[in-house]
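Look at the two complexes coming up: subunit A is in both, with subunit B in one and subunit C in the other.
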Partner chain A sequence: MALLEVENLCTEFRTKDGTVTAVDDVSFTIDKGERIGVVGESGAGKSVTGLSILQLVEYPGVITDDSSIRLNGEDLLAKSEDEMASIRGNEIAWIPQDPLSSLNPTSTIGEQIVETMRIHGYGDDENDRRQRAISLLADVGIPDAANRFDDYPSEYSGGMRQRVLIAMALSCEPSLIIADEPTTALDVSTQAQIVNLLRDVTSNDTALMVITHELGLVAELCERVMVLYAGTVAEKSDVAGIFDDPKHPYTKNLLKCSPHLTMGEELNTIPGSMPVGSERPSGCQFHPRCSEAMEECSVVEPELLPDGDGGEVACLLHTDQEYNMKVDQP
Partner chain B sequence: MSVGTERDRLTDNLQLIPFVEHRHVTLLHELLRQNTARLSLGFLGIVIALAIFAPLVAPYDPADPNYANTFASPSLQHPFGTDSFGRDILTRIIYGARISLFVGLSVIILAMTVGISIGLTAGFYSKTPIETVLMRFIDALLAFPGIILALVIMSVLGPSLRNVIIAISIAQVPGFARLAHGTVLSIKEEEYIMSARAAGSSNFKIIRRYLLPNAAPTLIVQATIVFAFAILDEAALSFLGVGSQPPTPSFGLMILEGQQYLGDSFWLAFFPGVAIMLTVLSLNFLGDALRDVLDPKYDSD
Partner chain C sequence: MDSDLRDFILRRVVQIPVVLFLVSVIVFYIIHLPEGGPEALLSGQAGDEAIREFRDRYNLNEPLYVQYLLWIQGILTGSLGTSITTNQPVASLIASRLPVTLMLGFFSVAISVMIAVPAGYISAVEQYTWKDHTATVLAFVGLSIPNFFLAILLIKLFSVELGWLPITASGQMFSDWSLTLKSMVLPSLALGTALAAHVTRILRSSMLDIYSEEYVHVARAKGLPEKMVNRSIVFKNALIPVITIVMLQMGYVLGATVIIEEVFAMPGLGRLMLNSVVGRDYPVMQAVVLLYATAYLVFNLIADVAYGLVDPRIKYGGEH
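Let's look at the complex of A and B:
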């Protein structure tokens, strides 16, 4: 049984100006100890997918009734707010995007790690929790951890604060860690260190879901990739498949947009922009920007189907979908 | 004033200041580097000491009349002169400081507790009916000028020191509630609130450990200003005759009693007036200095 099973996840923002579907019918699973990357442009619904799992989507966001999220077979959407609170940080931990603003400036580093354990009753007593927090800080590479335990966040650098957030996420030994753009706010050399750290700390049974727009991070860290476009799954594959033989035109374009260290090379861009708000194109969401779009792409919504290489792709070019059935409907 | 612009004004001017423990030590240190803060802290220290030890330091009895020595002008025996009953004005001012400080402190405690509770709750449950009900109630209170509101409450409750405190507190609640509400609204958007939720913190824990400590510096500055307002309001209510009643040595009451003799014996109203002015000025200077010191952009050099 998979650790996390997400089925038909739809998350909508019901605003006065109409309903905006941020996540549209997304299904995926994460196995115990697996590392999966969720990739896409800004606004593709990556973060909302992560927040939906924790049920922390902010007002007016709503997870629709047909959605299903199961952790170890238990239906998370049926849980009460209190039950969810006992899962957050305990079973599923979250590593936020911006380390500089994600720690409480009025509380010490050590206290914030201990606090997470205290909430979930982890550890025998305060001293036990303190010892564990110090060893966690040492594990994530904070030098002189025992002495830096009582420092405030303002006394830590950005990279160190990201390490602290990772230590906090690890504190209750969660089975799944969701990391939202864990390296975006950091400089390049610090990024590499954090990637190595994330790989090390999840080398046991801890599963990791990395939300990112950087394909490089995915290549370094993950075993599987899910590409999101406008809230829908464009392609799912193992890492090698995505980089060696991308199927979906969007994935191909994303790869071309990744910067390489070659002098004078012009960076590729994808023309147009992702549909925003309540205005969504008919048929394939990507077809207005797709260079390989066919006539029927504007009519038929492609289903996510096996691509023959072990992955799945939602594109009419790669699957012999019976779209004729739907073509009749304008 | 619409809600939107008021909220913008609050959040624009707001400096969200990390209020960390080790700054407590340096806070006083930084304060004492400013001349105005040194002066006002010194003056307030003297006022507080005089108020606490009033029976020991005051030369006479504040309520004891001496009909043989009415309207005595300032002299060595009576540095601030005597009033229409021959009572020593310096003594009455020293005892009056007791009342002013007691009213100020009580109002801060009452108005802060109620106002911050309302503002925090409304801010925490923003975009829900709870916020609407609480903040519209505060708006309704704000529709009356503070002193008129206090006057109405006093005429309902009847004149007594306890009722003065209640009336002024009610009049000061909206200020605290609005400030706490605006502050919480902006703190709520901070990433660390989301990480606290993602770590499984309960609502109560988020309010107590995250919202309140981060809002504290802003509210402390407001407290010094409200302290000054409370002293002024108490004097005003007493002056209008609905506050403290004779022979209580309240500053406002002393000015009321002295105003009819202003032409011949100015000291009856003058010295209590100076006492109010200096106390309120000191509190305002202290508030300004605190705001500067708590501002992260403040540079002591």
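Let's look at the complex of A and C:
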């Protein structure tokens, strides 16, 4: 049994101007100890997918009734708010995007980690929790952790605060960590350190879901990738498949958009922009921007089907080929 | 107390005399600006001789800057002068009036905090519910009603109609303590409700600002129950600006006591100042205005220090 099973997840924002579907029928699983990357442009529904798992989508966001999210086989959507609170930070932890604004400025670093353990009844007593918090801080690379335990967040740099947030996420030994753009707000050398740290701390049983628009981060960290476009899954594959043989035209474009260290090479851009709000194209969501679009792309909504290489892709181009191949074979 | 904070307080304390010097010059000149001195009040009964003697006694024939220097010299040597209308030393006049005003100020602020903290908290936590709307409407009513008018309404209801509370302790202030405290209730309410209205609104908007902070979201994501998020994260952080506002309002309270003391016939500093203006009692007027200015400066200093004590992001000094 997979650790996390998400089926037909739909998250809608019901505003006065109409319903905006941020996540549209997304299904995926995460196995124990597995690291999965969720990639896509801003507004593709990556963060909302992560927040939906925690049921922390802010008003007016609603997870529809047909959705199903199961952790170790237990239906999370059936849990009460109190039950969810006891799962958050305890079984599913969250690493936020911006370390500078994510720590309570009027509480000490140590207290914020100890507090997480205290509310979940982790550790024998306060002293035990304090010792664990200090050793966690040391583990994530805070120098002189015991002495910096009582510092306030304003006395820590951005990279150190991200380390603190990782220590906080690890404090109750969660089975899944959802990291939302964990390196975006950091400078390049700090980014590399945080990536290594995330890889180290999740090398055992802890699964990791990395939400990012940086494919490089995925290549460094993850075993599997899910590409989201306009709230739908465009492609799922293992990491090698995504980089060596991307199937979906959107994935190909996304790869070409990533900057490489080549002088003077002009970066590819994808023409147009992703549909946002309640106005969505018919057929494939990507077809208005797709250079390989065919006539039927504007009519037929492609299903997510096996791509023959172990992954899945939602593109008529590929499913048709697959279909033809099967027909050709005797 | 760390050395940065001590340096900060020292630097601010050193600034106070400079500001007070400027205030004293301005106050002195404004008071002496109008034509006709305090002898104008005597002229009905007194002859020219009496007036001349009077002007001599209070140095009114000296050039203005000499009068100013004499006044400052007096202050520095511990003498605030003698009241023209009562012939009492100004210092002892102030000493006898100060406790009344301090009590009034303290009770007003206490009442405003007791009303505003729960009201603002509920308003923010239960935003757009009937509780929030009620608090909002009451706050605007409180802000809109002038406190002297509210004072009259309170007197009408609680003293005249119901007879529960005295309008004033009149001559028995501090000799009859029960009466003294009872007489404080209505003036403190009249003054405190407007303050409460203000603080309620500030706490509400401050808390609502904090709710959109990322660290509140992170607190929920680490499993904090909503009640703890409200209390230990949102409320605590929202208090920082509120503490500053309450401290700065002490200045407003000082000004408002003048009117409230007059309405309730309280023997406080405000009334002393008002009477000294009416009676052209220069020594009293100057001393009280200077005292108000000093108090204002001290409250501002306390506000700045308190701000830093509750908010660890504030670093005094900033040289390192």
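In this text, the second predicted complex is superposed on the first by the 320 of 330 C-alpha atoms of A that agree within 3 Å, B and C clash if a C-alpha of one lies under 4 Å from a C-alpha of the other, contacts with A are read in each partner's own complex, and residues count from 1 in each chain.
Heads up, the rule we're going with is that contacts are C-beta pairs under 8 Å (C-beta built on N, C-alpha and C of every residue); 3 or more make two chains touch, one makes a residue touch a chain.
Given the structure is predicted, the values throughout are model-derived calculations rather than measurements.
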| item | value |
| --- | --- |
| Clash or fit, subunit B versus subunit C on superposed subunit A | clash |
| Which superposed partner A:86 touches (first subunit B, second subunit C, both, neither) | both |
| Subunit B versus subunit C as contact partner of A:59, first or second or both or neither | first |
| First (subunit B), second (subunit C), both or neither touched by A:152 | both |
| Which superposed partner A:105 touches (first subunit B, second subunit C, both, neither) | both |
| Which superposed partner A:120 touches (first subunit B, second subunit C, both, neither) | both |
| Touching partner for A:96 - first (subunit B), second (subunit C), both, neither | both |
| Contacts of A:243 with subunit B and subunit C, given as first, second, both or neither | neither |
| Segment of subunit C that clashes with subunit B, given the candidates 24-32, 42-50, 60-68 or 96-104 | 96-104 |
| Subunit C-contacting residues of subunit A that also contact subunit B | 54, 56, 82, 85-90, 93-94, 96-98, 101-106, 115-116, 119-120, 152, 154, 165, 168 |
| Subunit A to subunit C touching residues, read off their complex | 54, 56, 81-82, 85-90, 93-94, 96-98, 101-106, 115-116, 119-120, 152, 154, 165, 168-169 |
| Subunit C - residues contacting subunit A, complex | 213-215, 217-226, 228, 233, 236-237, 240, 310-313 |
| Contacting residues of subunit B [partner subunit A, same complex] | 18-20, 22, 127, 190-192, 194-202, 205, 209-210, 213-214, 216 |
| Subunit A - residues contacting subunit B, complex | 54, 56, 59, 82, 85-90, 93-94, 96-98, 101-107, 115-116, 119-120, 152, 154, 165, 168 |
